[in-house]
Amino acid sequence: MSGVTGVSMLLSVLLYLLHIAIAPLFLVGLVRKGKGLLQRRQGPSVLQPFHDMAKLFRKDETVSGTTTWAFRWAPVIGLSTIFSAALMAPWIGLRSPIPGDFLLFVYLLALGKFSAGIGAMDTGSAFGGFATSREVAISLQTEAAMILAFAALAVHAHSSSFAAMLSPIRPSLHVTVLALLVVIALALAAVAEMSRMPVDDPTTHLELTMVHEALILEYSGPSLALMEYSTALKTLLLLGLVGQVALLVAPPQSALPAYLFSLGVILAGAVALVIAESTLVKLRWRRIPNLLSFGVTAGVLACLLVAVRG
Amino acid sequence: MSQLTFEPVAAVAVVLGLAMLGVTRLDSSFWLYGIQTVGLGALAVWMGAQHGELTLVVVGSAVALLKGVGVPIYLARAASRINCRRDADTIIAPPLQLFLSLAALALLILVRPFNGSLPISTLPAIGLLMLGMLMMITRRLAISQIIGFLVLENGIFLYTIAQPHTMPFVVEIGALMDVLAATMLAGLLTFKISRSFEHIDVARLKELKG
Amino acid sequence: MTHPLLPVICAILVALCWLAAPVTTLIAGRGANSPFWSIAVGAGAVALLCAGIAGLAGTTGLWNLPYPLWLGAARFTFRLDALAAYFLVVIAVVTVPIAFYLPAYMEHLCRKVDMRLFWISLSTLLLSMSGVVLAANVLTFLVAWELMSLSSFLLVAADHQPHANRQAALIYLGATRLGTAFLAGGFLWAHALSGSWTFQDWHFRGAAALGPGILLIIGLGVKAGMWPFDLWLPIAHPAAPSPVSALMSGVMVKVAIYMMVRLFLLQPAFNHPALGYILLGLGAISAFWGVLFALLQHDFKRLLAYHTVENVGLILIGVGGSIAAANLGLPVVATLALGAALFHVLNHALFKSLLFLGAGAVDFSSHTRDLDQLGGLGQRMPWTFALFTLGAAAICGLPPLNGFASEWMLYQGSLHLSGSRVIPLLRFSGLLMAGWIALVGALALACFTKAVGVVFQGRPRSRGAEHAKEVPGGMLVAQGLLAAGCILLGLGAPYVLRLLQSFAIIPGAGPHVLSSAWTLPIGTLAVVLALTFAAGGLWLSEASKRDRVRSYITWECGFGDLTPRMQITATSFVQPIARMFGMLFRYAVHFRIEGTNRRLFPETIVVEPRTEALLETQVYAPVVWWVDRAGSWIARMQAGSIHLYLLTMFVTLLILLLIAGRHP
């Protein structure tokens, strides 16, 4: 019996790692393809990000002479934190190999942000400096929104661990509203964290408007590949988490439907990204706090609901 | 059963009111106001049908049609006529408006200052009143003031349907007509202000003081 | 359980070591600087550490000094228990690295500072802080407290050549007088109610606890840098030499927090829920206020000093929340909050001293603390850079370092409050507090990204920064020890919690509340991070070995090389955030254009963002003005005639005798 569970544990961990390795780039490819189709063009192949990645890994790297170890290590630290966060958060209906809680998750993301910011400031270029300044300014509200929303769920579940927070509960109107508010808060925070429209434009080439792209401007070759991959993994992770919360409204009964459902939710999230990126324009920098404040508001409302109804 | 419908609709109305405080595009405000009012009208119709009260049904459908559809269209046209799309220069930044009203709402719900004197079912109505008032205080544009006034009026409407048998038919219809007339008048006045001063910033009306 | 005499022996050793330094400096002369005194300070700290460990291991005791050393109304009485021992450890773990730091650092100060006075003040400060922690009655406490205030005042004034330092010292002196006045008022009130000077005899409940309690909160809050009494802290702490700033920010403010825990929380002398709510509210404001103003600073050490206000705020959230929860009948929540607060006390002592020592190293090498004059020090001082960055990550609460562990506990406390059966308002407050701490954490992250980026990265903005060199080994060892402490406490958080729950338990909570609340897989996280870091490091070294990395200039859009002035400055870095919270401190950007034809050919354009804290300009400035007026009115008494003074003294004596004589 224990042998069987051991094998299944091993299998699920392998499946998990497989998802971490492949799914992020696939998702990026899907979004790009979808955007192409929506704009009446062919769009790049879904596998294009894999080719890009391979190409970048074959290239040499150019590093500015003003930099220190911080610049070289930032991609490694960034990937390592997002990888750890991925190991600790349940997504795509799979149980996480390491039990983690939401505070650790949010603070791991913050560690990634810190290292990326230090890396960008290291070059002495104005792009890196302004990108970092904007990134941390945005993260004020995203972190507050994420913590508030997750805290509401955690208090509802009487535990701050993801496993307890996202385990299926008996559906009711109360749970539906709570999940809805949490999804709104997380989705708005996620849009900013993923550097997507309308907070940031991932395809822009006008440096003055960029946030995330300016942050990684100085990177090339394999380091750039690591950075891109970290962003892709983060995107998948956040979409997956939002999806898991959304599934609280109608929890599937067994493992396979749960897995398929969450895949579907992630795909829906990708479609939403495609539509948003094709129809919305990037917000002016001064208006971004207005948008994100809705996320914080949704988080506070979720807390209010939990406080009143418990 | 009636409670199960009333509460979510009232809650959604309050959340829409909150959202109106957070947006600065006038179009979005009109949309949000329209949805809120149609929702409240529909709630009145539904409750009237449940309790068998014709008054509520008639008033509800009139509110949904005239105020929920008519007023936003009228205001949108008025705004486009004076080429005004956004109420960006608010006295308090929109995020802060949002958080302030959120704090006020939370206090209303958690502390219950009117506990005892008012029934619980009127809480959302009080909340809407408060949001409308906040909107009128924190905004500069005359059009936003009208929206704030309309939200406040929606609060009064929600208050009346939260407590059935409070107002006779004539009063309700009269109030509705008053609001419509006030809106028309305010829209017209806004147009006039804009023509005379080339702005509709009510904060600057202080300049008129002799 | 260790031998009961061990603490006494340690105390004698501590006293010998810390008195040896000043006595011998008196012989050595004004400009003296030799490693001997640092060794004495360090040895004393090690002895203190032993005493602390003995106390934590369970040794307690009560000692009275023998007859000639007494205070009239009471004797010098000292008490050692686990809580006091914990704070002795906090003092010691900061002092030991500082002993390594001092010899090299004082090298560049000994021409400006009277070294005799410096060593005497430093030893007195260390002794008196330990004395405050061990004091068992009011008079012992007040004597130690005053010695602590005065010696730290002398240290702030140590380098009194610059006008700013003299002013800082005076402001600090004023603040300590104010604090002591409130403390004395509170203690006298409590004495009038109970007739006892001993802390242990006080058990005030209900309304009787409120009046003296509030006075004591103000008195201790002034020392701790609690909002709204935080005004002096960011002025005074940076003015002292950096190791002393580290001691003041890392340890001295904790002594005030120790008294709060002692008086209001563990076997409380004053127990009233309102005290808890006051501390909680002021703590929440301090946390936000401190970090917000830290963001706006240009002065490296003042930035760090404002972060002390922030962290004191976080600690007070824990202390205040614990008092409130204990009074609500929620011992588990109260224990979690108290555990978080005490844990954060130790953590903050470590990383704040690390950061101050780092700032001192920067000051030492580049001779400036102005953020807009620094830059590019990462290449010139790689070790200081690495250690400072680690400290920055720790103070931002990033995992797996110690700041995260204690902030996590604080979050757990607030979440547990929200999950318990209390009125909705309190449950909501708990949840909101979590969001508030998250906001404070995000602001701290912004601030330290700025600090690290502007000071250590990019290119040097001044000649001083350009010619900076790595500091001597002793200073690096000091920072290394503290950094190691940050890592160890982060990974060993469960052990610290187990230690804390041996004494910091609110009655009613189980004996294992703290260690069972710790559910984080921090060990696994450390392994994952270590493995991925190792893989990344291997990959990086492989890449550079295979010559696949080319060194070139930073991308300059093809316009020729960048200059240091094109980098982002500390001011522009925080502009987005300053605008967001602009209404709290009247943020405004002022333009000044000069020249004969200003419109077409401006000669100079000055763009200057100004911030003015409303509290300072609207509240404190009028008060200071009135005090000044009153002072100049009273100064009229200074007539210059000695006979008039004698008459005044005689009249005063007469009045006092009349008042005293009315009592039977």
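Order as written gives the chain letters A, B and C; numbering starts at 1 within each chain.
In the analysis below, contacts are C-beta pairs under 8 Å (C-beta built on N, C-alpha and C of every residue); 3 or more make two chains touch, one makes a residue touch a chain.
Owing to the predicted nature of the structure, the values given are computational and were not obtained by experimental measurement.
Visitor: Computing the C-alpha centre of each chain, which chain sits at the greatest distance from chain C?
Guide: B
Visitor: Please identify the chain lying most centrally, where each chain is represented by the average of its Cα atoms.
Guide: Taking the mean of C-alpha atoms per chain, the most central one is C.
Visitor: Can you check how far apart chain B and chain C are, centre to centre, with Cα atoms defining each centre and the answer in Å?
Guide: Distance between chain centres, rounded to whole Å: 50 Å.
Visitor: Between chain A and chain B, what distance separates the C-alpha centroids? Give it in angstrom.
Guide: Computed from C-alpha means, the inter-chain centre distance equals 37 Å.
Visitor: Would you pick out the residues of chain C that each touch at least 2 other chains?
Guide: Those would be 424-425, 428, 580.
Visitor: Could you check chain A for residues that touch two or more other chains and list them?
Guide: 289, 296, 300, 304, 307-308
Visitor: For chain B, which residues are shared contacts with two or more other chains?
Guide: In chain B, residues 93, 95, 106, 109-110 touch at least two other chains, as defined above.
Visitor: Of all residues in chain B, which touch chain C in the complex?
Guide: Within the complex, chain B touches chain C at residues 92-93, 95-96, 106, 109-111.
Visitor: Would you tell me which residues of chain B are touching chain A in their complex?
Guide: Per the stated touch rule, the residues are 4, 8, 11, 15, 18-19, 22-24, 93-95, 98-99, 102, 105-106, 109-110.
Visitor: So in the complex, which bits of chain C are touching chain A?
Guide: 375-376, 378-379, 382, 385-386, 389, 392-393, 396-399, 404, 408, 411-412, 415, 418-419, 424-425, 427-428, 430-432, 434-435, 437-439, 441-443, 445-446, 448-450, 452-454, 456-459, 519-521, 524-525, 528-529, 532-533, 536-537, 539-540, 543, 548-556, 562, 564, 566-568, 572-577, 579-580
Visitor: Residue numbers of chain A touching chain C in their complex, please.
Guide: Chain A reaches chain C through residues 60-66, 68-70, 72-73, 75-77, 79-81, 83-84, 87-88, 98-101, 103-104, 106-108, 110-111, 113-114, 117-118, 121-130, 132-134, 136-137, 139-140, 143-144, 146-148, 151-152, 154-155, 158, 160-161, 217-218, 221-222, 285-286, 289, 296, 299-300, 303-304, 306-308, 310.
Visitor: Residue numbers of chain A touching chain B in their complex, please.
Guide: It comes out as residues 141, 173, 177, 287, 289-290, 292-294, 296-297, 300-301, 304, 307-308.
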